[in-house]
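Input: structures, listed below.
In what follows, subunit A forms one complex with subunit B and a second complex with subunit C.
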Partner chain A sequence: MYSQFLQSCGFEAEEIRKESSRIDRAFHIAGLGPEDIERAQWRIRKYFDTTLLGVRQSLKIWLKRFTDLVLAREEGRKIIVYPSWPPEPRIVSMVAMASEDVFCETPEIVMDVVLGQIFDKINPVLEAGEEHGLPPGLAMCALNQARLGGIVKGVVPVPDMTITTSFFCDQTPKTDELLHELYGVRNIFLDNCMDAAWDEPVEVAPRCVSYFAAEIRRVIKEFEEAAGVTLSEERLREARAAYARPIFVYQEIMQMLKEADPQPISQVDLGLLYWLIQAPEQKSLKEGLAISNNFAREIKARIESGYGVVAKGAPKIAWFCHHATDPGVMRMVEQTGLAIPVTAVIWTPPWLRIKSEFTTFAERVADQTVRGGINRSTKGIIEFFKRCCKEFNVDGFLYLYFFSCRPICFSALMVKKAIEKELGIPVLALEGDVWDTRSYSVEALKTRVETFAELLRSRKLLEARR
Partner chain B sequence: MLVAGVDVGAATAKAVILSNGGIVGQAIVPTGDRVVTAAENATRLALQQAGLWKEGVDFKELFDFVISTGYGRHSVPFAMKAVTEIICHAKGAHFLLPTARTIIDIGGQDSKAISLDEKGNVSNFVMNDKCAAGTGRFLEVMAHVLNVPIEELGKIALTSNSPCQISSTCTIFAESEMVSLRAEGKPKEDLIAGIVKAVASRVAVMARGIGFRRDVVFTGGVAKNIGVKKALEEEIQMNIIVPAEPQTMGALGAALLAQAELG
Partner chain C sequence: MQAREKLSAHLRSRIIELSELKREGRKVIGYLPGGYMPEELVYACEAVPVPVGLFRGGEHEPVLVAGAYLPRWIDTFCRAQIGYKVLKEEPLYDLIDLLVVPITDNNVRAIADCWNFYTDVEVLRYGVPHAKTENGFRYYLEGLHLLKQKLEKLTGTKITDSRLKDAIRLCNEERRLFQEISLMRKAKCPPLTGREFVELNHASFLIDKGAMVEILRSLCSELSQQESSRPRQPRILLTGSTLALGDYKVYDLVENTGGAIVVAEEFAEGMRHFSAEVSLDGDLMEALADCYFRRRIPPAWFRPARERLDYLIRLSREFDVDGVIWYQLMYRDSYDIESFYFPRILKEETGLSMLKIASDYDASELGPFRTRIETFIQIIRKN
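Up next is the complex of A and B:
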């Protein structure tokens, strides 16, 4: 059964022979037994399309990442943890590429994909986080509880250092403060200009870039000292490029999905790739480009053959936030006959596609990050979603928003109003922490989603008749 | 042409039978612990009312089309199609009251506000999320605590001159609040009036998200509660129309959609 499970996740016989003792050890530490593996196999069959090479390769990398994470301390590696939201992968990729001895990871994302999406066994980790200082509602989203709970449960080794930002999620630094209090983990805090007025446009004042760039330079220096490495400007640029290449392929995939009818792939499958390249570590940085290319090739072939996961002509929606820990939610939405060409959080807005005028690594990273729109003012968030809906010419917007995430819950209904009024398309706003399956269920969401799908179909039909 | 709409809700299962466009039978039974049995029983009773029931009849053969709705819509074995109760309530209410533009539906476990266009199509909707406040279940819990039959709540509420203030929006906390008020010696009618006001206020706040347009129609089991109707009217400052049988509106809508399936 164990080998069968690994095979379904894309492992070759030789890899299974080579890796199984490590995976076995990691599963043992994480408390994953035969029943869990059986359930995971069932879930993979149900939710993921393993006929796609890209999906199998992604599942394999996720299991390898999980194994590396759990065993990092035993295997004598220095562990550096970086924030999951917003992921600051350009900095992290630099860290990850610095040395093979330094293991740099975002544990909560790995646990969400492996323990959550694949095994459906993340709740004990979240509960451990809740019991140790992040009770429900306080953590903004369950990623923070997972970040803490994984360590409490002993699934994730106590890291040597955490790097934290706060320009979107101001809870991660608080979580890392807690990690310092409980385990003495050293934290490097990457500060940013958090003084955007709520209606500040998406354009960013140069002072914000300068300030953030200076912060990045400071963090690099601190990291160099802690890890005992030297990072040249050239090395940093290489790291940035290594991170960006698969992201460019992902953007090409999004371009394909924008035009495709029927939708050729489920967003559940694409979600595996998204986090793999968006929040990478060494393995993902090395193999992410090849996996992204395989996804692109397979999607292109499906489009050419007319293959679809929803019917041709189905109403299209943009989705926010991103892939839920329960893949059944997105599958359910697609099963109601709605095509999801874009999950808005993944989309790159036009103002990020402009080449940066800055020249150094730190300035370019800072420029791109603070120009993100969604990372800044409320007006920036609203503009971001509006542009995304417009570019993908969607028939509706499904906004699954976090009720306790300060930046998101504040703007949720403003986004709904703005899109409905200015773009004239319906918005379904649903409340729930996508990272916590205890806060939503497919059954509870079904009635609203089915009605929304029916509403969009009727509108589409009416428009066609006109 | 014989069609049926079957609405299996959290508390009750309803069936409406249409023969050549006219209502010939309708029934309401408790859902209990078996969705399939409840759907079958409601349909059987509606058929009996229509004088069409025969022992051993196969629903799939008898009906030209059946649409199921409500929480149990995907579990009704003799239904040919499942449609959400939001769409069905809109169809049902529009059929009876073509001037209806807003529906407030309060059922056993959820509440909804639905905006309709002039053809009875849903143009917007909002539904309570995870909480039992503002639903029939809230009233059931409170009726149980006060040892008052649920059917009596509305009438008793109307006799109050000084409704209590129930400020908690959570059923559990509201129950504690009411228990404290009862301990303070507040009269039963004031407590009950406070409870129905709390339901009305909760639903009105939610429904404001889509706005109120005349005519406003109140459907679902809670629409039978005259106290909630009055409190809602005060909240939204508009008259509210309650159809003769508000509880079967979803089933009626499902039956109308079934009829439309046949062209």
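Up next is the complex of A and C:
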């Protein structure tokens, strides 16, 4: 029934034959019918470049992840664990690779990509979340609404446990507490404190690493006890490496985009890969590296051939984070003639490229996370964005910040003021949300983005004349 | 009452006293009144603690002014603290030599970051872990040591065990007296209203600790001799995120318009916590951390935060309350989420009903608040 759709998402005939009954069942549970499939096909044609192997492979793996998630309980997966977003991805990798009995998935990201980007049907899930403890009008995170709403609607199964970082975001651990109160789900919290001194944006006090490392060890122990698995130090290192390998390739892709003119690929297409490797599960950990390599190879070929998705010489902007639910937003920005060589959230700043002095899994992860900038402090975020804009030599920063994300939104105006003052480039701070487009639309943003693009083009022209 | 008159006199002259103390070289330490900054350490180095975020709240103008500095999706109280600083109408905010911010959640972190970014005031942060684990306790204790070192450096006064013990004794005495007064509210006719109690609590943040203890002693004695023959009024437990000085609209609506009385409160910020005392045995820094972190009733941003909800149920029973009013400020997400499932727990455990109201410190809220509170009191009165 859905063969044509699955083919456009990179499925081979044999795979369709093998997987179609499972996919049908998952779509049925999620309430996806023929009209939805038709719309999804239209959206894929409109927003994604399926001539790229990397894009087709990504779409396929997302549909497989969605199917696995929806059917996890029906298919008898013994232990279902939902880590949350924002994650500590190396901990997520650790859980995903712990045992074949453990099914580990970040449901909100899967639903955002599949029901949001592909099917444009995420809103009923968000509304279900709103009706069950995350009401509208109070700046509740739509990612958490998806996490809760998916369970409420019966699209995704109730997990056995959740593992949540509880320092960057206050709302996600609270949402998991809500899951505990509503469904009796066991919560494991990974704690830390964002208390770095203002004048220490990237330096790390040893006590911060010690505390976070101790918390990681505690969480590993708690997970081992709850899941009945044992995680050796070697296994943990493997998990860390499995997460890191595609990330390294992604850094190489960004280096290519930094030098490229014209921009050879849309960030909408790259977004599929970004979410795949930033919210890892077993399939992504196994296949993510190969998909990343395919993207890298295809981008390289396009650069060599001079292919571009925006005009040569277009002003370059930095962007914060790939849109999770609506591919139309970033596509619109590129259509206004702005090149986006970097989405800051996955960029690795110089202070993270140095080799950690620590040797154990817990300390290395703690050191890297705390040093990360965004996870560190507002000053860390400011320094991170400044360095990113500088390194990619962008003409402006289009900062679509998430209004419902407390740690991101409260620093937005400080980021804007600091970059404009210290780097002398314009920053357009737009209040939006990459998890939910109900409070704004591509059309509403377009006028402002067009004006910003015009401003950047004029500045570029003026600079060229000087 | 003599004690209250004395208190009013102290409050009236306090800002002048503080200015004089500062002129004499005493350091003024501002802090967020969330109950994680032990005043004992400040007293032990002869500095003066002043709660920054407490002095005022409940007004809309500072909230509006803050809009130029951070988006509206942050807790109202936290936005207001930036507004007050910008408006420069409150001299207390300009006396501060150091602002101490125990980082609890992102709303509080926003205050620290805005003060850092937009002002020249030095800000000291230390983290409050979100779980009462042994790791968390150690980390909080390390934060207190950082604070101690900073205060010693700033004031040039060594915080010796002897000085710290004296400060702990004084603060313990204040806590004990508050506890004694609070427990008097278990009586059928409480000797003081909820508003009187919270004003007393707020005053204790501002005036000299020694003077406050004396006033509380006198008040205890006066209140214990007081006799009341009023009929029993509906009794309310008021709980929520923050209760700032000046933000008394709920008290007024409950006690003046509604004819009920607030007999117990539980707030994360703005109220002095007095249920636990600091031990004078063993390591005093550990004793402070034990009292302020381990034995403190945790706010909603602890994970899990069931301890607080169980405490509310205990308070409801012990103070024989008829209903719970959940008063929180806009966009305090942890409280918003808890307020969804707590009414069910409360109903199951005690049979009581809960009314939730959320404020953005806007005068236009008063009408709807009045209607809702009056209706709620009518309902619980019938019950």
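Operating definition for what follows: the second predicted complex is superposed on the first by the 447 of 466 C-alpha atoms of A that agree within 3 Å, B and C clash if a C-alpha of one lies under 4 Å from a C-alpha of the other, contacts with A are read in each partner's own complex, and residues count from 1 in each chain.
Everything below uses one rule, namely that contacts are C-beta pairs under 8 Å (C-beta built on N, C-alpha and C of every residue); 3 or more make two chains touch, one makes a residue touch a chain.
The structure presented is a predicted model; accordingly, all values stated were derived computationally and were not measured.
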Discussion item. Looking only at contacts as defined up top, I'd like to know whether subunit B or subunit C touches more of subunit A.
Written reply: C
Worksheet item: After superposition on the shared chain, which partner residues are touched by A:E431: those of subunit B (first), subunit C (second), both, or neither?
Response: both
Worksheet item: Of the two partner chains, subunit B (first) and subunit C (second), which one does A:L182 touch, if any: first, second, both, or neither?
Response: second
Worksheet item: Is A:A311 contacted by the first partner subunit B, the second partner subunit C, both or neither?
Response: neither
Item to complete: Have a look at where A:T451 lands relative to subunit B and subunit C in the superposition and call it first, second, both or neither.
Response: first
Discussion item. According to the stated criteria, A:A412 is in contact with first (subunit B), second (subunit C), both, or neither; which is it?
Written reply: second
Worksheet item: Thinking of the overlay built on chain A, is A:L461 touched by subunit B (first), by subunit C (second), by both, or by neither?
Response: neither
Worksheet item: Hey, what residues of subunit A end up touching subunit B and subunit C alike?
Response: 413, 431
Discussion item. Show me the residue ranges of subunit A that touch subunit B in the complex, using the header's touch definition.
Written reply: 413, 426, 430-431, 439, 444, 447-448, 450-451, 454-455, 458
Item to complete: Would you tell me which residues of subunit A are touching subunit C in their complex?
Response: 132-135, 138-140, 164, 166-167, 169-171, 173-175, 177-178, 180-182, 187, 189, 191-198, 207, 211, 214-215, 218, 377-379, 403-404, 406-407, 409-414, 417-418, 431
Discussion item. Per the contact definition, I'd like the list of subunit C residues that touch subunit A in the complex.
Written reply: 68-71, 73-74, 103, 105-107, 109-110, 112-114, 116-117, 123-131, 133, 135-136, 138-139, 142-143, 300-301, 303-305, 330-331, 333-334, 336-338, 340-341, 345, 358
Discussion item. Show me the residue ranges of subunit B that touch subunit A in the complex, using the header's touch definition.
Written reply: 71, 83-87, 110, 121-125, 127, 129-130, 209
